[in-house]
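What follows is a set of structures to go through.
In the two complexes that follow, chain A is the common piece, with chain B as its partner first and chain C second.
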Partner chain A sequence: MSASLEKGIHALKEQVDSTVAAFFSSCVHCGMCADACLFYTETGEPERMPINKVEPLRRIWKSEYTLLGRIGKLFGLTKKVDDKLLTEWETLVYDSCTLCGRCSMVCPVGNDIALMIRKTREGMAVAGHAPEGLIGATTRAITIGSPMGVKLPALQAQIRHVEESTGKTIPVDVEGAEYMLLLSSMEIMNFPEFIEAVSKIFDRAGVSWTISTEAFEATNSGIQIGVSDLAAELVQRIVDAAEKLKVKTVISPECGHAYMAIRWEGPNLVGKPFSFKVRHILEVLNELREQGKLEISSRETQKLTYHDPCQISRRGGVINEPRSLLDMVADNFVEMPDTGKMNWCCGAGGGVSSNERADEIRLKVFQRKKEQLDAIKPDAIVSACSNCRLNLEDALEEYNMDIPLLSLTEMLADHLAD
Partner chain B sequence: MSEIEFLDWVRGPGFQIAAVIFVAGVIIRILEILMLGRKKNLAEARGSEMLGGLRTIVTRSMHDKATFQRSAFTIVSGYIFHTGLLLSIFFFAPHILMFKEVFGLSWPSLPTPVIDALAVISIIALLTIIARRMSNKVMRFLNTPGDYLAWLLTITPLVTGYMAFHRIGLPAPTLLAIHILSVEILLVLFPFTKLMHAFTLFMARWYNGAISGYRGVAS
Partner chain C sequence: MSDRKNTAQADLTLGEVLRKRGISRRSFLKFCAATASMMAMPPSMVPAIAAALEKARRPSVIWLSFQECTGCTESLTRSHSTTIESLIFDHISLDYHHTLQAAAGTHAEAARIASMEENFGKYLLIVDGSIPMGNPGYSTIAGVSNHDMLMETAKGAAAVIAVGTCAAYGGIPHADPNPTGAVSVGDLIKDKPIINVPGCPPIPVVITGVLTHFLTFGELPELDHIGRPMAFYGKSIHDRCYRRPFYDKGLFAETFDDEGAKKGWCLYKLGCKGPTTYNACATTKWNDGTSFPIEAGHPCLGCSEPDFWDGGGFYKALSMPTENITQNIIYAAAGAAAAGVAVGALNRAKKSKAQATHQKVKLEDLNK
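Then we have the complex of A and B:
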């Protein structure tokens, strides 16, 4: 057995806990998870059904943590995890799953299959069976500080542009600020309007905030590829900066997995509770709304719908906030069929968008979103994740659909009273 | 062995052996899950783990409309056979007598013709389930020998029970002995097959609901 395979198997063993054991013990092979997964519904290929993706983890659980499996192992009767299996499963675990968690909502016995796939990735990555695109993104995140290779000067240049256009100063490295804003590389490079929008809203609301030059990157490729050590290192950078600046709350930007990484996995990755709070930007904006600090002078009249980013809604819990904010600013807000916690993924989360090999299937499974959109024919789609946004724009173009994408934060800023 | 000796054996030693293996097996399986433990969540909670877990134990039996439409066959056939099976196990008068003998507890029974009908409905549901398992492409992909074994273990007591009640083919004591034996085989293999989900699904649902509930999502 190669050293990396041995490490991978060890990593898989480490992932088995009482939740995993209860889940595998309960699966009755009913197949309902297939019907809940866009990678099955849009391809019709059974191997892409959720429960099949966790086969490497299942084999480890069975042979190491069950009485019958251990007896079977003595007689060489259990199925082994080897490089052949992991090679075969790589495209299922990484290219055909966005960790959207829809399967976890329908499984009749209650299996959190997405969690098990996330855990399976821990073994796959260590064993050397992760996609190149994600390895590259993770390496850049660790060495450069951003999966897209965005360095501090790039952020500083964008900040200067925003300051020139708004005439307001963006607070940088301000000690004792209430909020510390994180950004995703995509926001810095593709959507600097987001920084401008936050600046405008916080300025009007009189919020004390800052951006740290030592930890501004919100994304965390470590949790996508499934290497907890690296994910923890990326989280620790944010913890250090937040503690140094003594901020009360760290804001996760419009990025799905970044919220999962810092809000839910973060303290568990670094092994201790945070001394500060973590909130998604929509939670902060909704708080401002409730406090009457978000005054709107005009409203959106076009027909809008909201695309729930999986890690923010279903896996993150921020479901009502965007709707309350939309109610405040939109006259014609329409829900897609299957929405909120049951929304369908755009097809690009969980590292799929960083994985070029998955481009074809990513665009194929977008048909599910297309069907949802065709059902209500909105004038524009509002969302709160740059990754969803880029993917939706890309896929809508591919499918010749002319529907603009709006960031909820940016939309609110546009309608802010002077 | 005469037919009466056979019946005595399945009612006596056979039953005891099966019951011990069943109880011990179920306890071992549950302990081997629980003893793995799980790490405490260090993130600031947004909702209650306990309430979320309890809620999902209940709500996971009810699917939203769209999910129901997508998986209608699985849900409907599953409901029918589980309901029929559980009612005929626990509300057939002779079974209640048996429970009273073993546990000292009894409860009202359902009329025999109702149980009879339920058994037939369950058998039909199980036959459609196996037909789908053998024809549907997702099922065919998932199938393992364990799936067929679990199906066989479940349908056999229903069929033998039905035959024993209607005295089909063999002398009554033999039919009854075969029925009891089929239940004993079910009990012995129960902890080591996917039938174990009857216990573990409550744990799985609780964990699922707890994980989501902690984040403020009703799963």
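Then we have the complex of A and C:
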């Protein structure tokens, strides 16, 4: 066990690049990020405003990379980063931030605050200040292959169940398939209906696809805890499997951060461009719709709304696809206030859901989502992230709200024309 | 049918158009009087203005937008409620304006060509935005470079009005290091009368004033040494500023939140460029005469002056040298720049060192 403050400070020093320096020097202390963050708006506690969460990184930048800070350091005037500070900041950096990136949207000088919090986690993690829940999830991801400890036999059993129920074979380890589907552990364990839905839709559309037994896990705990080395290892497993099967496209499933991890951070983590494309499942389904390969025979009549998963909509840009798909299948679709790229986070992303210590605040900040839902009173909520889905179900129960959660992929499969 | 209707509309005089819009003779004369006083003309001129405006046919106006932000158009079209200024502005025949015209693509360009041919030698050309000379591809409209479109359109213009600091003096695109090689209208057109109406953006009433003058007298108003109408740009902001008495008494706000700032003292020490800026803000004000920057507590930026963006910091008092710096200061600046480079190199070295000594993080590194 070798986490130490020195390692943490060293990691923070590595994280300060010209982008970070420019961000810190251009911050005008306006405080607009506060009102964009549900952890601030729902608690009213000023220490939870986004820019304050990056204080450890800011201190390193100031004392190591600015003239005044360096002079101050000589005279012992510059504030130091020590274990006391990091202990205090643990709950701000991990429990009170879902890396949803809403703060980055409103910053008038264009600072990507979410990115800076992600970078701050790099220092926190190796200084031994990451939450236990996330360390556990990361350890399982690296050693077992899944943050929830799901092993291959579990997937194989679920595949068998799905095959029995649909009577269709699920292609496994098929070389040269066009698409390679990744799954999140949550989908394997909690929502196997997702696998069934994809199987039905792809079968009907005549899509050539496969699941790899060597890399089926889409999630990336390394990104959530903030250790790029481990995150890169997890990405590399997918890259190796995709290259081995020579697939053209890797599909990220209904999971927010998995999509961000493989599509946007992935090539940067492994240090070279992928030989395949990465698409979110909704992007693939929308392409099928545009090609006329996704036919619907019945429609949803109940009042539906769409919860935008932060990493898919705001940070991922997949905003119009779900709406085009919903347009095809839903008669009564209503948008929540603050929708699309300005949607409010469910409160459990960015590793918060793996961190039991954050349960209380996670449920408290759900009030923001509750207000959004109260404004339109939907019959059901559609989303495209298993993590959002689990958290919404949990929190809705906590608030005694009886609104079912639907997966968009599964809903489309239910209405598929024969 | 629709053509005939348009022609009929075009044949109406301004007086007829205004009456059709329900503008009374009284308010019309009030506008003429206001314009006369604003442009420092004797009261005896008011009937002359009224008579001339009454009879004026709608002049054809072609508006070209080059490297600009549309702020000038925004300013000039924001006439709070329907005012006579805006009506006059509405009832010039604005034949071509990227932002405001309904036509698009080839139709838009056809409208420009048609208007140029019909009104050759008579139309007014209004330009906002600077013209990039570095590479014609930096800004094109319908595949035509800004330079070519300006030169082509200026040929038949009676006069050219450069609206906004970009068109008048190059403005922000022209600011150091001027990556697009931006130049002003006056840098390119030498054979036509040019009126500069600078400001970032300019005050709406200034352009209606210039138009009124043109309609009344058929000629351009008196201009200062850098092509601005004297009537609006004849006095500095400082000379007309309501905070001037505090300057004279030596009462200055030192910071934005001190007693002086609260008491409305002079903003000179906070970098106000009022003393070197010539514009009508202090008298005509903004937002329908509501206020202007200094009244809102902020120093003047000097936006109607050439090179205002390169004149040193907005918050540096004018007595600090902002240009023509002496040799010593050049040395000091070079020294500071060298120090900056050295600090930058040091920072890079520190970061490279941090990265070079990176130890791959393993699972055990997560626990103490």
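To be clear about the criterion, the second predicted complex is superposed on the first by the 415 of 418 C-alpha atoms of A that agree within 3 Å, B and C clash if a C-alpha of one lies under 4 Å from a C-alpha of the other, contacts with A are read in each partner's own complex, and residues count from 1 in each chain.
To be clear about the criterion, contacts are C-beta pairs under 8 Å (C-beta built on N, C-alpha and C of every residue); 3 or more make two chains touch, one makes a residue touch a chain.
Bear in mind that the values here come from a model prediction, so they are computed numbers and not experimental data.
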Partners on chain A (chain B, chain C) - clash or fit: clash
Which of chain B and chain C A:E14 touches, first, second, both or neither: second
Contacts of A:A197 with chain B and chain C, given as first, second, both or neither: neither
Which of chain B and chain C A:K272 touches, first, second, both or neither: first
First (chain B), second (chain C), both or neither touched by A:A3: second
Touching partner for A:F23 - first (chain B), second (chain C), both, neither: first
When both partners are placed on the shared chain, which of chain B and chain C touches more of chain A: B
Which superposed partner A:E64 touches (first chain B, second chain C, both, neither): second
First (chain B), second (chain C), both or neither touched by A:L294: neither
Which of chain B and chain C A:R314 touches, first, second, both or neither: first
Chain B region in steric overlap with chain C, selected from 43-51, 79-87, 133-141 or 205-213: 79-87
Those residues of chain A which chain B touches in one complex and chain C touches in the other: 16-17, 21, 65, 67
Of chain B, residues touching chain A in the complex: 28-29, 32-39, 41-44, 46-47, 56-57, 60-61, 63-64, 66-67, 70-71, 74-75, 78, 136-144, 147, 150, 192, 194, 196-197, 200-201, 203-209, 211-212, 215-219
Sites on chain A touched by chain C in the complex: 1-4, 7, 10-11, 13-14, 16-17, 21, 64-65, 67, 125-126, 128, 130, 135, 138-139, 142-143, 225, 227-230
Chain A partner contacts - residues on chain C that touch it in the complex: 343, 347, 350-351, 354-355, 357-368
Complex contact set, residues of chain A against chain B: 16-23, 25-32, 34-36, 40, 44, 46-47, 49, 51-52, 65-68, 104-112, 115, 263-268, 271-274, 277-278, 313-317, 319, 337-338, 341-342
